[in-house]
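Next come the structures, one after another.
Both complexes below contain chain A, partnered by chain B and then by chain C.
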Partner chain A sequence: MDSSVATPPAPPPPATPPPPQGKDAVEGSATWRLSDRVGLAICWALGLLFCAIAVAIVAYLFVQGIKFLKPEMLVTPASAGFSQGESGGFSDALFGTLIVATMGIALALPTGVGIAVWLVEYGRPTALARITESTIESIAGIPSIVLALFGTVIFSSTALGFLSRTSEGVVFGRSFFAASAMLSLVALPLIVASTREGLNSIPRHVREASYAVGKTKAATTRRILLPASRPQVATGAMLGLGRIIGDTAIIIVLLGATQNFAPVEDASFPLNYLRGAGTTLTNFVYEASPTGNLNQPEKAYAAAFVLLLMVLALNAAVDVVHRRARKVGTWSS
Partner chain B sequence: MAAKQAAPPADPAAGNGASTPGGFTGARRSIGAPQFSIRRMEIDDVSVSYSNRDAVKGVSLPVRQGEVLSLIGPSGCGKTTLLRSLNRLTELTSTAKLRGRILLDDVDITEIEPTLLRRRVTMVFQQPNPFPMSVFDNIAYVLREQGSRRQRKKVLEPKVHSALERAGLFEEVKDNLDHPALKLSGGQQQRLCIARALAAEPEVLLLDEPCSALDPQSTQVIEDLIVKLRDDVAVVIVTHNLQQAYRIADHVAFMYLGDLVEYSSATALFGSPREKRTQEYVSGAFG
Partner chain C sequence: MNEDLSPEYGPRWSDQRVERMLGALVCAVVGLLLAMIVTVLVRAWPSFSHNGLAWFGPGGSVDEQLNAIFLSGQGGAEYIYTFHAWPLIWSTILITGGAILIALFSALFVAVFIVEFAPEWMSNILQPVVRFLASVPSVIYGLIGVVVLVPFIGNHLVTEGQKESVAGIISLTGYSLLAAITVLTVMIAPLMVSIFSDGLRSVKPGWLEGSLALGVNRWRTTWKIGVRTARPAIVAGTVLATARAIGEAVMLAMISGSVGFAPNPADGLIFIFEPSRPLAPTIVKNIDQLSSPPANATLFAIASVLLFSATLFSLTGWLARRSMQKYGSA
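The block that comes next holds the complex of A and B.
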């Protein structure tokens, strides 16, 4: 390596023009050696490229979505028909997505936050904490189709027969309950990870300040630590929700191959809808795409557009929570 | 750095020829000598070790209401550990072991339920650490039962106000009690932390370098406050700042490597230290 080039603090030779004002050798890249400047340019280019990809996806779906989405699709269930004009909308899929999202996050959020609190604030015995940590990390690494298969084993068992359709002693194993339960596992690692991050970012002396006025660990956790890590919990929950509404494998295996609600027995009893099979937007998009059974790409675009809007709304919600947290402020160190 | 206008002490490094070894001269503070003193705590031959490393070795000290006790010494001398053992905060470190006895009003503190003890012996930390809630709620949190939020604002209001008044903060925040506490200035945050510690109506107030993160002006406000508080609560303050100890303490304990080297009145310790190590430390030879 050429040392005369590699040593930045060396005073520049008199012939070299002084660096432009307001930008020293640390900020401005004019005095950097060539490889560093090329590297910086590559970073710039990659950043721009990925922005461009994201913008392209969103813009394309917006254009297609606005072109094909009709308001009545949101309230009309799918039906059999010969043309795309006759086959209804995807209201059942839309409600299905909302149902699995609600149920999945209702299971995953308290569990995930609870696990994170235990890991960060208690974590004893240490061996158990380590095992829990790596278990959760492995769940994060398991493909959701594998979770789905495992789910069918569990939910087809006779003991859990009340959660899905049962016919002549055979448990169907597919229901909103089954799908939501497995989907909550998909969201769980994200919630645990970001809640832990939030709790870990609270300085130790803040906890001690609460103990030092006679508060218990439980009271401190509930009234100080969890409220203080609300932005991270929200981030985890939103990422988890994103994964839940975006998952397809678990839906196909555990919710069923139908485009409509299929309530069990008496349809006037709401729980029977949850015990039955159904669909979600992801499943609808897959089936409606040219590779799927329905083959009605216009509706696939429309449904994908709705899905995208949901994800964007989640992102906006996280932003709001973070902005509120900034108003409350944080500790100086 | 945090020199009081009434008492500009000389720089310890340039202290040769001054009236004390460290060059501590002038009036110590605006308020005079203690009017009375009541023994609140008794530290009796206390040793604290962290996984076999001794942090505090056989220290005995009285803690009295009516005066300010300052623990001084170089970093790692065990002064903070000693302070934290007074409200059993050391127990949060699983490796910490305490021997000896600490009495609070003649009762061994190990016989007092920790949460109860910590309401009687409250603590303020080095970093201002208000809770991420409003100014009002920071105090109300202390007044409420464990984690509950049932008590009405109206009921708590007088107590919250009086705690803020005692910490000399009420006038500055009375119109903004709903504002987030973490948006106050550093000095105000620290006074809020003192108010929080006082809200529990403790007998002893522990302060762990409460001014080290603050600017000189805020430091002075807090020093004045500490001196004022000594009649209501026994005050123990750990400080790195010898000038500060000289300004506000009535008694000073100098610790070095876990040992209590010297304990005497502030004027005696800074004026004519008995021990050679004390003399070297207060004259700036080490630390």
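The block that comes next holds the complex of A and C.
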């Protein structure tokens, strides 16, 4: 360090201000060629178009929904009538949606979490893991109308006659059980993907710490890994719920073409409804739209408005879960 | 693992047993998919075996054929299976292809915008918007299509002269390829945007910075480096969206026009105003014919075509996404 003794103190560096941070540090588009700037303009235009479409959908359904939705529609079932004022509301459809959503997610959530845990934590033999992954991907791609047709075959079999209406040995095969079982397949891939993402984001040392204190793999999964990936499981469940609520093809095919609950006679209270046919909001909108059999557009607006509110609520819930998970923070290694 | 060490999880929840239970669950789901493929194909076989490859070809009116098939199953007479699905397949190709092309273009720009160029407030708005558009039920899109878009096309875009020119063959009321493609584009573009922007975000920042340091502007850098690196994500998103579009049944049943007619692009621009009906809505529209055995076989034959193509597309998308992981995302 003798050089420091000899040299005089260095003059301060020329006073250039540090490059401004934040927005100004990013190169603006003013210097770009015209073609690039046209491209950026297209970006803006399409982005604004997306926003405009979303706003238009929400605004249109809100306006129409508030105009035509009457509170009594939510509590009166649909009935035969000559005008739109006489033919009741859509309470059966509303409850049908709730039933289908509950039963569908109750089937899909344990199955999906189980599959995800097996894929991430066990996953042997490897060949089976590969096959399972591609199976889940295929299920995600299968059109729901195909699932529905497959459902008619399964649930019309005599062995499953206890799940739907049976008369003189012929199984009807359309019931809340049938529709919910097939709808759970629609939600399954979303739950598996989201849960896997959560489990994969937990670093190895967390598992090793748990093994080191003598916990088994099963106990580690149950006590450490699943609680830690709760936000992702919840996200997957809510995305799946959104798909179940929004699906129409399976409902049209597998819930019977009725506008009311059609409970079976030979069963006690909850089962007689679940084994019977029914309807949901999506089916109601389909039938009440100008192309459907009912053709009551005012009620279609009202039902679509209720459906849209449900979807918006689910979206908001996903956002809240995301934000909370981010606040808790991630694993540090 | 020594199972005795864990007091709360005794032998009842031992590792071996849990692994076997979960393994059985997994096998059951795999088995279910195989059973579905086999069932659909077995049910579809009579229709395919009677028609051979002519099943996919043109010939006659599809709607009359479907009706004859259904009626032959009602009486005691011999079953009729003659079915030439070309108008339905052609309609599927036109609607899906058109929607995919428009959605690919716009989704790519929007994804680039969200990831690179949008100011923060804008991308904070756009991301929830994209998620919302992806989660709107298809029947709501169908309803809006029927009450807003279809009358608009029918009353304002189609001229009287055009209506008269095809009056003897088909009526132009607004239920058209144009309406179907527009609404389908809005439905699948958000799906593509979310996969594309995931891909663009996982491009290594060093690669982009390298290009910027050479004096290439941000726009060129994004397209030459970012978009090219994210190519697997773009393939995956496009292919997955195609699978979704092929299987879309309810919305298209509402606004495609539901006529077994093959619009011909050679007729000039008028073909986008012509109604048609793709494969999936055909199942929805004829679902009450399932009780007639030949109609049942025909509907399952349509379903097997959908199943085959959708599975093919979604597996391709899955492979493309896997190759993206192999590149090593940041």
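One rule holds in what follows: the second predicted complex is superposed on the first by the 281 of 333 C-alpha atoms of A that agree within 3 Å, B and C clash if a C-alpha of one lies under 4 Å from a C-alpha of the other, contacts with A are read in each partner's own complex, and residues count from 1 in each chain.
In this text, a residue touches a chain if its C-beta (ideal position, glycine included) is under 8 Å from a C-beta of that chain, and two chains touch if they have at least 3 such contacts.
Here the structure is a predicted model, which is why all the values come from computation and not from measurement.
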item: Combined model on chain A where chain B meets chain C, clash or fit; value: fit
item: Touching partner for A:Leu308 - first (chain B), second (chain C), both, neither; value: second
item: Contacts of A:Trp44 with chain B and chain C, given as first, second, both or neither; value: second
item: Which superposed partner A:Val206 touches (first chain B, second chain C, both, neither); value: first
item: Which of chain B and chain C A:Ile66 touches, first, second, both or neither; value: neither
item: Touched partner set for A:Ala218, first chain B, second chain C, both or neither; value: both
item: First, second, both or neither for A:Tyr286, with chain B first and chain C second; value: second
item: Partner chain in contact with A:Glu137 - chain B first, chain C second, else both or neither; value: second
item: Comparison of chain B and chain C by chain A residues contacted; value: C
item: First, second, both or neither for A:Val328, with chain B first and chain C second; value: first
item: Distance in angstrom between the closest Cα atoms of chain C and chain B, superposition on A; value: 5
item: Shared chain A contacts, counted only where both chain B and chain C touch the same residue; value: 211, 214-216, 218-219, 222
item: Chain A residues within the chain B interface of the complex; value: 203, 205-206, 208-216, 218-219, 222-224, 227-228, 327-333
item: In the complex with chain C, residue positions of chain A that touch it; value: 26-27, 29, 31-32, 36, 39-40, 42-44, 46-47, 49-51, 53-54, 57, 60-61, 111, 114-115, 117-119, 122, 128, 131-147, 149-150, 152-153, 185, 188, 211, 214-219, 221-222, 239, 242, 245-249, 252-253, 257, 282, 285-286, 289-291, 297, 300-301, 304, 307-308, 311-312, 314-315, 318-319
item: Sites on chain B touched by chain A in the complex; value: 87, 89, 92, 114-119, 122-123, 125-129, 131-133, 141-142, 146-147, 149, 180-183, 186, 193, 196-197, 199-200, 206, 213
item: Interfacial residue positions of chain C with respect to chain A in the complex; value: 1-3, 5-6, 8-9, 13-15, 18-19, 22-23, 25-27, 29-30, 32-33, 36, 39-40, 43, 106, 109-110, 112-114, 117-118, 122, 125-126, 128-133, 135-140, 142-144, 146-148, 186, 189-190, 217-220, 223, 240, 243-244, 246-250, 253-255, 258, 280, 283-284, 287-288, 290, 299-300, 303, 306-307, 310-311, 313-315, 317-318
